[in-house]
Amino acid sequence: MSLNTFGHLFRVTTWGESHGPALGATVDGCPPGIPVDEAFLQQWLDKRRPGQNKNTTQRNEPDAVQILSGVFDGQSTGTPIQLMIENTDQRSRDYGEIAQTFRPGHADITYHQKYGIRDYRGGGRSSARETAARVAAGGIARAALASLAPGISIKGYMTRMGEIEIDRSRFDWNAIDGNDFWIPDATAAADWEAYLQKLRKDKNSVGAEIEVVARGVPPGLGAPIYGKLDTDLAAAMMSINAVKGVEIGEGMAAARLTGTENADEIFMGETGPEYSSNHAGGILGGISTGQDVVVRFAVKPTSSILTPRRSIRMDGTPTEVITKGRHDPCVGIRAVPVAEAMMACVLLDHLLLHRGQVGEGPRGSIG
Amino acid sequence: MSLNTFGHLFRVTTWGESHGPALGATVDGCPPGIPVDEAFLQQWLDKRRPGQNKNTTQRNEPDAVQILSGVFDGQSTGTPIQLMIENTDQRSRDYGEIAQTFRPGHADITYHQKYGIRDYRGGGRSSARETAARVAAGGIARAALASLAPGISIKGYMTRMGEIEIDRSRFDWNAIDGNDFWIPDATAAADWEAYLQKLRKDKNSVGAEIEVVARGVPPGLGAPIYGKLDTDLAAAMMSINAVKGVEIGEGMAAARLTGTENADEIFMGETGPEYSSNHAGGILGGISTGQDVVVRFAVKPTSSILTPRRSIRMDGTPTEVITKGRHDPCVGIRAVPVAEAMMACVLLDHLLLHRGQVGEGPRGSIG
Amino acid sequence: MSLNTFGHLFRVTTWGESHGPALGATVDGCPPGIPVDEAFLQQWLDKRRPGQNKNTTQRNEPDAVQILSGVFDGQSTGTPIQLMIENTDQRSRDYGEIAQTFRPGHADITYHQKYGIRDYRGGGRSSARETAARVAAGGIARAALASLAPGISIKGYMTRMGEIEIDRSRFDWNAIDGNDFWIPDATAAADWEAYLQKLRKDKNSVGAEIEVVARGVPPGLGAPIYGKLDTDLAAAMMSINAVKGVEIGEGMAAARLTGTENADEIFMGETGPEYSSNHAGGILGGISTGQDVVVRFAVKPTSSILTPRRSIRMDGTPTEVITKGRHDPCVGIRAVPVAEAMMACVLLDHLLLHRGQVGEGPRGSIG
Amino acid sequence: MSLNTFGHLFRVTTWGESHGPALGATVDGCPPGIPVDEAFLQQWLDKRRPGQNKNTTQRNEPDAVQILSGVFDGQSTGTPIQLMIENTDQRSRDYGEIAQTFRPGHADITYHQKYGIRDYRGGGRSSARETAARVAAGGIARAALASLAPGISIKGYMTRMGEIEIDRSRFDWNAIDGNDFWIPDATAAADWEAYLQKLRKDKNSVGAEIEVVARGVPPGLGAPIYGKLDTDLAAAMMSINAVKGVEIGEGMAAARLTGTENADEIFMGETGPEYSSNHAGGILGGISTGQDVVVRFAVKPTSSILTPRRSIRMDGTPTEVITKGRHDPCVGIRAVPVAEAMMACVLLDHLLLHRGQVGEGPRGSIG
């Protein structure tokens, strides 16, 4: 990863600010001959789109993605794909106060300190709006995976929001798309909504934990030592706005286990090795095992709240900040499709990397 | 990060296997005129060195680092610095069984599946011995930081080992170097040792949690969006052997907090902005705030244990594996100096990146 | 350089095809606080623009550049700058024959062989229209150089077109902008035009040689061994469409000289070292000396000519190709502003690289 | 290319100075399962080795390459390959004068200006001894090409030395390895030697032109726009010490041709497209056509000569420099195996890049 680009061979550079004319992603290294069009990409953007339900921000933008290059006759050509999303709902307003004030928990102060200039309108470059570009790029990655590794499926879901968490005994993969919180439990959504509405009324916000699983990942993806699959996934998730922690498989809880507890024993299955458990999260030595790849991350509560917080202005004078405007009380909800997009990008990137260095498929057979 | 290299401008490529003739690090991009010699590097390697105390593996190697290039008359020249550590204690033995067997929880099986060939002696490239090269490279980074940003100090310590954790009310920065576990509590070491010895007797191993703190980091380091300081730190820590989770500041616990709880309010201090708390771990929007940079990570229990675990051979037949040989019951102990080295490398890299794009020091003043 | 990106710290990714909706450049790593706007960029695009005079193609597009991100209140913010140029003059036509035929000397056949799909409209990605994006990005580089190294001036000019070449004894720096061929001799343009018109009437085209000079480059720019200033300049120029050779200083003629002839002897001047000559082209060991940086390159004659050439169709059957449409008889003319743009990008990139690794200005003093 | 690394997927980082303990190359990204050993590499180093004949420098070093990592049981493992060459013939001497003086035409002055410190012993990092590491790395690339693209053969030869050039009508591919100048004409070597001996007696040196040809390169290699095959070859050759110009196919002479003269017409041959000529040097639009890839470059005369040249010392005072010691009167001779190594590295890199993005072999069929 380098400044505004991530990926080794499948390289995504996002650009644009919250309130500029447009934002987007320059996608380089997509294999040729991949069927893809704007409608395919739009479905993922619609999933992330603000204004979709009452639990996310009320900003009402179509977030319509345009493909400006790299696709011809409905297929990728192998040249850079430019994806652009115009910003159509930039309410004109007076930025006088916000231009001079640093909102606690935001990048306002650090952008100012680093660059000496910042686009303060809506958070500028540090706005979560940037993640729309990732979701669009992730759509390209999904299209390529569908052609090159059709067995892979990727699904993200929330596992915790503040004090409430999912009941893993009721885990239902098929329930995820049926509720506003992307939770794998059809019966729990009402409680989640009640909890969130209370927080909203309290002029507060809340953190969240999201899990992303990739099924059907072939063994052999990952490039040790510094391009490990888990390393790149950790970087990908940590780069999402407001993320403060990333876990692979057992995650931080691995610190509490003994070697006998943590071992994933190996058996010979019908078509290859199988494992007694998946503490490893599908990755050993930075390389995929063929098990589910499991990544989890925490998103901090939205810093933009209606409860006043103490801060300072650019001139150093004290002030209190209430962040009005349209903000999600739980940004974790919209992080779900973003994390899926990042997973898709990382997997495709490593598929191409593997193909480049090693060739088609794993090299070593077992049994 | 790309295959075996990490860093943007300060680029470290490690090379070498556990039981080959040597291993090392090729360090490119070190600023010129930095005073450094082998003795300076050796102190950090000695801290990590196996055989040092009875809680780490009994392999007895001096791990003497040699500088083969890039340093002249006691100063870096700006050209690549080659650091080599010869492997002197490779006990000759019969590798017949291990060559055919995949140890559970190791990279044996994934290296085989990916590459079709692996250096099975001592884990080859996936051995934790590779981290000696990181520690050496980290020494170069420390030397450069001492010249370019002398206010920065870096310290790692264990915060948990299996069931026991540190008592934060007794936190003593100065106690860290005085015990075998790098714990910030002079009185606790005896209990930690008793706990670990019991696990060893039980032919078991245990996980650990390590925290690394950098004090005196100037505001402005970090390159959003994909070269964020926290992104690079997460990648750096996740790339260390056996690490399964990484946290910045509040970490995974941020998912449980509300916006009012999580806010780090801002005040104007004597020399610049100050904060009421550090939930953010010293990083906002991917850029350092000037507060302590706080990273935490979990290391899984050593997979190499004397308790038999079920596995398979290359031909698919079942077997049981007991990993004899010299292995740490808690690899987390030795991860402490490695994590410090990674922190030093990432901070120097971002200092150089900032200097390159923005210039000396932060650009935006406050007050 | 990597696929569609060039530069180390100042990274330019161009995207877009000749007949798609738009093309442009994603510019990452621009320093913050650089004054720049669309009008500043437009002047360089106007210099390159087709339809400007009768010696270049008659395609009539305004080539109006839009800044979509990264600039706020008239200054760069340090975030990615997206530059877009809409394609407004794509004449609709029947591409039936061209879609099936490979034009000799074009990338038609190799794009097809490599990717299995190509955007055949107007050459697609391989069209010289891509260079408009470079010129726009070069405008950003010029703006940054004007702030960071105001002493640098860059000028390109033609030195040869087919059989005619400039008379170096009449070299006039100030004449360059006063004629359609960017030649440094006010009196020669009429002859050049007559020569070119004859070729055009003969349904032929012709090659050209261009020289680009950067004055006022400070000593110390360049990163040996593989990021040498001359290495990056050679790559930059060779990446321009139709370029077949690149020279630094004495260039290919250096093969004919002896050591006594080729030596640039060193003297102590008023403000630093001076040289008796500049066979080296301002670069020693990959690092700038402070002398003029001199790069020269050859552009092959336009392959698109009205004289029939034998070729094949995708099905292997033989055909003859006459390239109708709007094509420059000498693409070298329009290569001049493109080469200036590449020079600006490479110099800025190395200025930032130097600042990153070494700091402000050269470190070693003389005298 | 980035500082001391070149290549995208097959990445070579060279390190080391002329008179340090050792120098070498860290080779990352080599495919696994490639048969390679030290003897295979040594043959190429022996070809380049100084002291081999009376036309190259008399420094007598075995240049014995050691493989320190990445090869196991005679095959590459896919992990980094460390290649080390110890410097065994560093004559101890008094460097007092050379440490203070800048030799004209050398990197002494620019390294000093850039870094403020330089290893002045034998030119340090800027010594042509660095190319030994490239030749070793090139051996790895050759071994990988022999496995992955066995049809490719690479051959370099001198085409000019000062005033004398080869007679292309007598070109004999098989004569190249039979003479000290790598010239493709068995009868001409005596004249070349007489010419060079005269220059040596005159305390002079001379430039050279070298051509490198790769036969059997499959169509489809090259990554437009900025990772073009010709772009990377130009960078690779220009990065070699003393190179001042690079040409592909027709090269600088393309500026003199018309479109009808320069066209390579296309026919359908037995196994695929064939061309009436090869002005393009085997590359169209940055992608290989399947024809011979032809690169030519010029090496300036050795700056180190026994004829005194005027220069200055670090303190600015004037001096005269005679470079004693062991120096080739024509460094171009030893550049031949170096250029072959660079060609091998670039071709392998692009083979892997193509495999990564596009897959095995070209995608588009003809006929």
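As written, the chains take the letters A, B, C and D, and residue 1 is the first residue of each chain.
Keep this in mind: contacts are C-beta pairs under 8 Å (C-beta built on N, C-alpha and C of every residue); 3 or more make two chains touch, one makes a residue touch a chain.
Heads up on the chains, UniProt names are A, B, C, D = Chorismate synthase.
This one's a predicted model, so the numbers in the text were calculated from it and none came from an experiment.
Participant: Once the contact rule is applied, which chains count as partners of both chain C and chain D?
Facilitator: A, B
Participant: Using the stated contact rule, I'd like to know whether B-D or B-C comes out ahead in C-beta pair count.
Facilitator: B-D
Participant: Pick same or different for copies chain A and chain D, depending on whether their interface residues overlap by over half.
Facilitator: Counting shared over all numbers used gives more than one half: same.
Participant: Chain A to chain B: how many Å between their CA centres?
Facilitator: Distance between chain centres, rounded to whole Å: 26 Å.
Participant: I'd like to verify one number: the distance from the centre of chain B to the centre of chain C, where each centre is the average of its C-alpha atoms, in whole angstrom.
Facilitator: It comes to 45 Å between the two C-alpha centres.
Participant: Determine the centre-to-centre distance between chain B and chain D, using the mean Cα coordinates as centres, and give it in whole Å.
Facilitator: Once rounded, the distance between the two centres reads 38 Å.
Participant: List, in ascending order, every residue of chain B touching at least 2 other chains.
Facilitator: Residues 2-5, 14, 29, 32-33, 78-79, 114-117, 125, 224, 358, 363 of chain B touch two or more partner chains.
Participant: Give the list of chain A residues in touch with chain D in this complex.
Facilitator: 9, 29, 31-33, 78-79, 224, 352-353, 355-360, 363
Participant: Quick check on the complex: what are the chain C residues that touch chain D?
Facilitator: So the residues of chain C in touch with chain D come to 1-6, 8, 14, 102, 104-107, 109-117, 125-126, 130, 160-163, 199, 204-209, 219-228, 230-232, 234-235, 237-239, 244-268, 273, 276, 279-281, 283-290, 296, 298-305, 307, 309-312, 314-318, 332, 354, 358, 362-364, 366-367.
Participant: If we count contacts the way the header does, which residues on chain C are in touch with chain A in the complex?
Facilitator: For this pair, the touching residues of chain C are 2-5, 11, 13-17, 20-24, 26, 28-29, 32-33, 66, 68-70, 72-73, 75-82, 84, 114-119, 124-125.
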